[in-house]
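Dropping the structures in below, format is structure tokens.
Below, chain A partners chain B and then partners chain C, in two separate complexes.
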Partner chain A sequence: MDPTNLSLAEKLQSLPKSALYIILFVATSIPLFFTIPIPNKESKASIDFYQEVQKVPEGSTVLIASDWTNATRGESAGEYKALLRILMRKKVKFAVYTTADPQAPQASKDVIRFINDERVAAKQKPYERWTDWVNVGYFPNGEGATNSIASNVRSAFADKKDFSPDGALHPVMESPVLKNIQKVEDFPALIIVTGSNTSNVAIERINSLPILLAVTGVMGPEMNVYYTSGQVKGLVTGLKGVYDIETLMQKDYPDQVNLDNGAKYYPTLHLALVVLIVTVIIGNLGMFLGRKRSEA
Partner chain B sequence: MDLLAQVPPESFWSQASGSSGLYMHVAIALIVGIAVMFGLMNAPTRLRRPIVVGLTFISGLFYVLLYFWPAPIARTPGTLPVSTPDAVGFWLSDALTVVANFSSILSGFLLGLGIYSLVRIHGRKIAKQQKDWGFSAVLMASMVIMIVFGYGDWISKLGANGPKMDNQANWGFVNYARDFFFDGMLQQMDAAMFSVIAFYILSAAYRAFRIRSIEATILLATALIVMLSLMGAVEFGWANAIGQNPPHGFGENFTLTSIKTFIVDNVQNPSLRGIDFGIGIGALAMGLRLWLSLEKAGGTA
Partner chain C sequence: MKPETYQLLKLTFGVIATVGLYTVLYKENKFYRFFEHVFLGLAAGWTLVAIWTETLYDSWWSKIMGSTGAANGYWAYALLLPIGLMGYFVFSKKHNWMSRIPIGIILGLWSGQQIQVWWKRYGPQLADSVKPIFPSTTSSFTVPGGSKPTPFEAAQVYPSQAICNLIFVITLLSVLSYFLFSFDLKNRFLKNSTTMGRWLLMVGFGAIFGSTVMMRFTLLIDRMYFIWIEWFMHGLLHKG
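Moving on, here comes the complex of A and B:
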């Protein structure tokens, strides 16, 4: 059919796919070139997450499950960066493990290196591997490994090694980060940054210490069930969650780098949602005009 | 590299790294494993099913016992059991890491099986130059390149040079090659594939999200409220417009956040809990059928 002969109603209902794709591409790309400050009202779940992390005593060690890779870096990297910045500022040690993907430890190490470079540039002491944090590594059998961690964390981590300052590999349990950990309850919190269902596996098996979750936007509704039931003490969901944490950090640490991925990408999310809402309205408008015309 | 590093010598399941006890256990396990394998291969067909059913039951029984048997409370290294049930609890708890390692090793075999399957299928396709054999060639070449540079990179990071490799200035050709292929290509393509979903969602929403019935209208209105609540600027503007910035009094119930919270807590969460509950019961039923070898495919050998 010749598109010039289409009525307005038909035109509104049959926008070409390519046009929609171009509009979305342009709308989501433009904000990446500008800094657009957006007012924000932090969600209760994000505030709880932030406050629970702030409660962790200085010098203690938290357990982090870094279960994300570059596939979800738009959201997960922002969550992880914000989390590490808070922990490092509070001088909290951390042990990082993953049960999700063999690529995950590298993604985690890249972020730690990024934050350390930032600290060096700001004339702050970088976080030292082995002394301040350890990389426990990847466990291929997530459910079995999480059971082991819950039952006997020393035994579960016994054959995991990391580099000490002498350049040799040593069991992670001998590191200053983990040497005082006898059982999983000795960690003040388990913080899971994930883009997959590893959070479910952990919630089902580890129930003896506070669990905090940082998940992608699509996982939010499912994980919110555990937050409202109290099984999860704090929940950061997607880009909105990242921006929530960054704006909360801005209040407590006004002189330091706080606004990063959340502030950069939140305007993009706005415009993507605007495009989505407008196209849905256009489609429905076309449908109503078409109905009105056929009734007449 | 100490490949035989084990948990501290504190139970039947753990022997000191490099000790004669450890080598003895390894040797016994090897002999038993070989005997079981040959036994299975030479067993009459009618005996194979009971053997597989028995092994499946014993494997499942471990986790069932672990869950239901009273577990040691506040156990510290050196604590001894005071009764037989206590000793069983200790034994099960100690065995858990070893059993988890069994599962990890089996997962490793799955990886090997996957590689074998890929090489067999795509190797044949390339050899016979079947339709789209070029894609198979790219897949095989990618796999070989990632294995070669990934392994080279891993080896270069072992030993005294390990910590230095965190600094890019100390990288060699193999490290840059791994970085290019893994971080530069694979990871970026991974992220790009995920991003493409946004375009499909937009296209699908435009075509399918139409107000054709009461149900569709409710769905659209709900989705609209949730989407708007994700937009800080809209949320802020709405709160200002209804004089609820900061929120106070009865009007607080009409902020986008409050409406969204009401929808999430009273509609979404109960629905998801119901679905999760159904999935849980289904998984339990399926687990029981597999454990007791009631599934035909699980019990035949």
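Moving on, here comes the complex of A and C:
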């Protein structure tokens, strides 16, 4: 059909797909080059998450399930960075395991290295592998592994090894991070950063210590049920959650690097949503005009 | 090779792969197919190595071989291999009965967990669903802010909370009534309740869909950040 013969309604409903993609790519690129402050009111779930992490005593060890990979880097990396910055500033040790994906330990190690580089640049002591944190690694059977962790964490981690300062692999339970852990209740919290259903698996099997969740946006509505029922003590959801935590950190640690992925991506998300809303309105307007014309 | 050069090469390959995968938005093409297969190959290879190095080697192989001193005497673990391999007989018409043995073991393990799993997941939610819908105090319409409330104040139900609870209970009951499929709903009250349940479910699905759209946008924004800031600005121009 000759496009010049199309009515306004037909034109509005047949915008070329390629043009929409180009508009979206431009809208999600340009704001990244600018610092655009966005006012924020932190959600109660994010505040609870932040406060629960702040409650963890200095020198203790938290258990982190880092169940995300590059597939959800946009949201999960921001959550993980913010979490690690808080833990490191509070001098809390952490043991990281995953039941989600074999690539997850590498994603976790990349972020730890990034934050450590940042600490070195700020003339702060880097977090040492083995003495300050330990990589427990990947467990292929999420349900079985989580059951095992809940019933006997020493046995569950017994075969897992990590590099000590001598460059050799040693059992993680011998590390300064985990040597005092006898049972899962000895961890002050289990913090799950996830882009999959490993949060469900943990909630279904572990209820003897506080669980904190940092999940992707798409998981938010489902996970909110666990937050309102008290099954999890704090919940960070998607990019808004990342920005919430970053703004909360900005109040407590004003002289340090707090604003990262959340502050960088949040304005861009707003522009992308404006593009989406405008295109939905244009499409509906075209449909409305088309119907009116056919009725006439 | 200098570390900076290696880092830039790594980033550049990442950018080419990202752009390659996005070309499918234009149309199906060989460039996209190539990077799709590279991605699948990398993921499969990584998974195989990770399962061996992080799990099978220490938890299974070393124990059978006695290569970790404290863990000798686990020779019986070798029997797990043929049991696992029986699963592949699912492809044989003659011997597919053998695949039911490992499947049965997995089903048994799974089923054994379900009572605990169900109760831990839904028990607290059932308990939390019993909410007071009448206020116990009218001293304030909303929960007083400011200083930390006393235990007595915290136990009170303020009118705003009672309204929220009422909305929750109405939503819960109407959505539950929507799933009453066992008999014909002729009662007008039940009919209206199921209709409201359907609408409220739609609201829930809308919230999930909205969150999904925001998440997908965030993933796109992250890729754009990778291309423009991490590769172009930091890697290529050494700015920022």
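Here is the rule we go by: the second predicted complex is superposed on the first by the 295 of 296 C-alpha atoms of A that agree within 3 Å, B and C clash if a C-alpha of one lies under 4 Å from a C-alpha of the other, contacts with A are read in each partner's own complex, and residues count from 1 in each chain.
One rule holds for everything that comes next: contacts are C-beta pairs under 8 Å (C-beta built on N, C-alpha and C of every residue); 3 or more make two chains touch, one makes a residue touch a chain.
Not measured: the values here are computed from a predicted model.
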Task = Put chain B and chain C onto chain A via the superposition and say whether they clash or fit.
result = clash
Query = Does chain B (first) or chain C (second) touch A:Phe33, or do both, or does neither?
reply = second
Message = Contacts for A:Asn197 in the overlay, against chain B (first) and chain C (second): which applies, first, second, both or neither?
response = neither
Task = Could you say whether A:Tyr243 touches chain B, chain C, both of them, or neither, answering first, second, both or neither?
result = first
Task = Mind working out whether A:Asp159 is in touch with chain B, chain C, both or neither, as first, second, both or neither?
result = both
Message = Tell me the contact category for A:Gly230 with respect to chain B and chain C: first, second, both or neither.
response = second
Request  = Would you check which partner chain A:Gln256 touches, where first means chain B only, second means chain C only, and both and neither mean what they say?
outcome  = neither
Task = Check the contacts made with chain A and report whether chain B or chain C touches more of its residues.
result = B
Request  = Would you sort A:Asn207 into first (chain B), second (chain C), both or neither based on which partner it touches?
outcome  = second
Inquiry  = One more residue to check, A:Thr268. First (chain B), second (chain C), both or neither?
reply    = second
Task = Tell me which partner A:Gln103 touches in the superposition: chain B (first), chain C (second), both or neither.
result = both
Request  = Mind checking 39-47, 57-65 or 111-119? I need the stretch of chain B that runs into chain C in the superposition.
outcome  = 57-65
Task = Kindly list the residues of chain A that each of chain B and chain C touches, one partner per complex.
result = 17, 21, 24-25, 28, 72-74, 103, 139-140, 143-144, 147, 159, 161, 221-222, 225, 228, 269, 272-273, 276
Message = For a test of understanding, state which residues of chain A touch chain B in their complex under the given definition.
response = 15, 17, 20-21, 24-25, 28, 38-41, 43-44, 69-74, 103, 106-107, 109-110, 113, 129, 139-141, 143-145, 147-148, 151-152, 154-156, 158-159, 161, 163, 165, 167-169, 171, 182-183, 221-222, 224-225, 228, 240, 243, 266, 269-270, 272-277, 279-280, 282-284, 287
Key: chain A-facing residues of chain B, complex   = 1, 5-8, 14, 66, 71, 74-77, 93-94, 96-97, 99-100, 103-104, 107-108, 158-164, 166, 182-183, 187-188, 190-191, 193-195, 198-199, 201-203, 205-207, 209-212, 220, 224, 227-228, 230-233, 235-236, 239, 257, 261, 264-265, 268-269, 272-273, 276
Request  = Please name which positions on chain A make contact with chain C in the complex.
outcome  = 17-18, 21, 24-25, 28-29, 32-33, 72-75, 77, 102-103, 105, 137-140, 143-144, 147, 159-161, 200, 203-205, 207, 216-222, 225-226, 228-231, 237-239, 261, 264-265, 268-269, 272-273, 276
Key: Residues of chain C defined as touching chain A within the complex   = 25-26, 43, 46-47, 50-51, 54-55, 58-59, 109-110, 113, 116-118, 120-121, 124-125, 127-128, 204, 207-208, 211-215, 217-225, 227-229
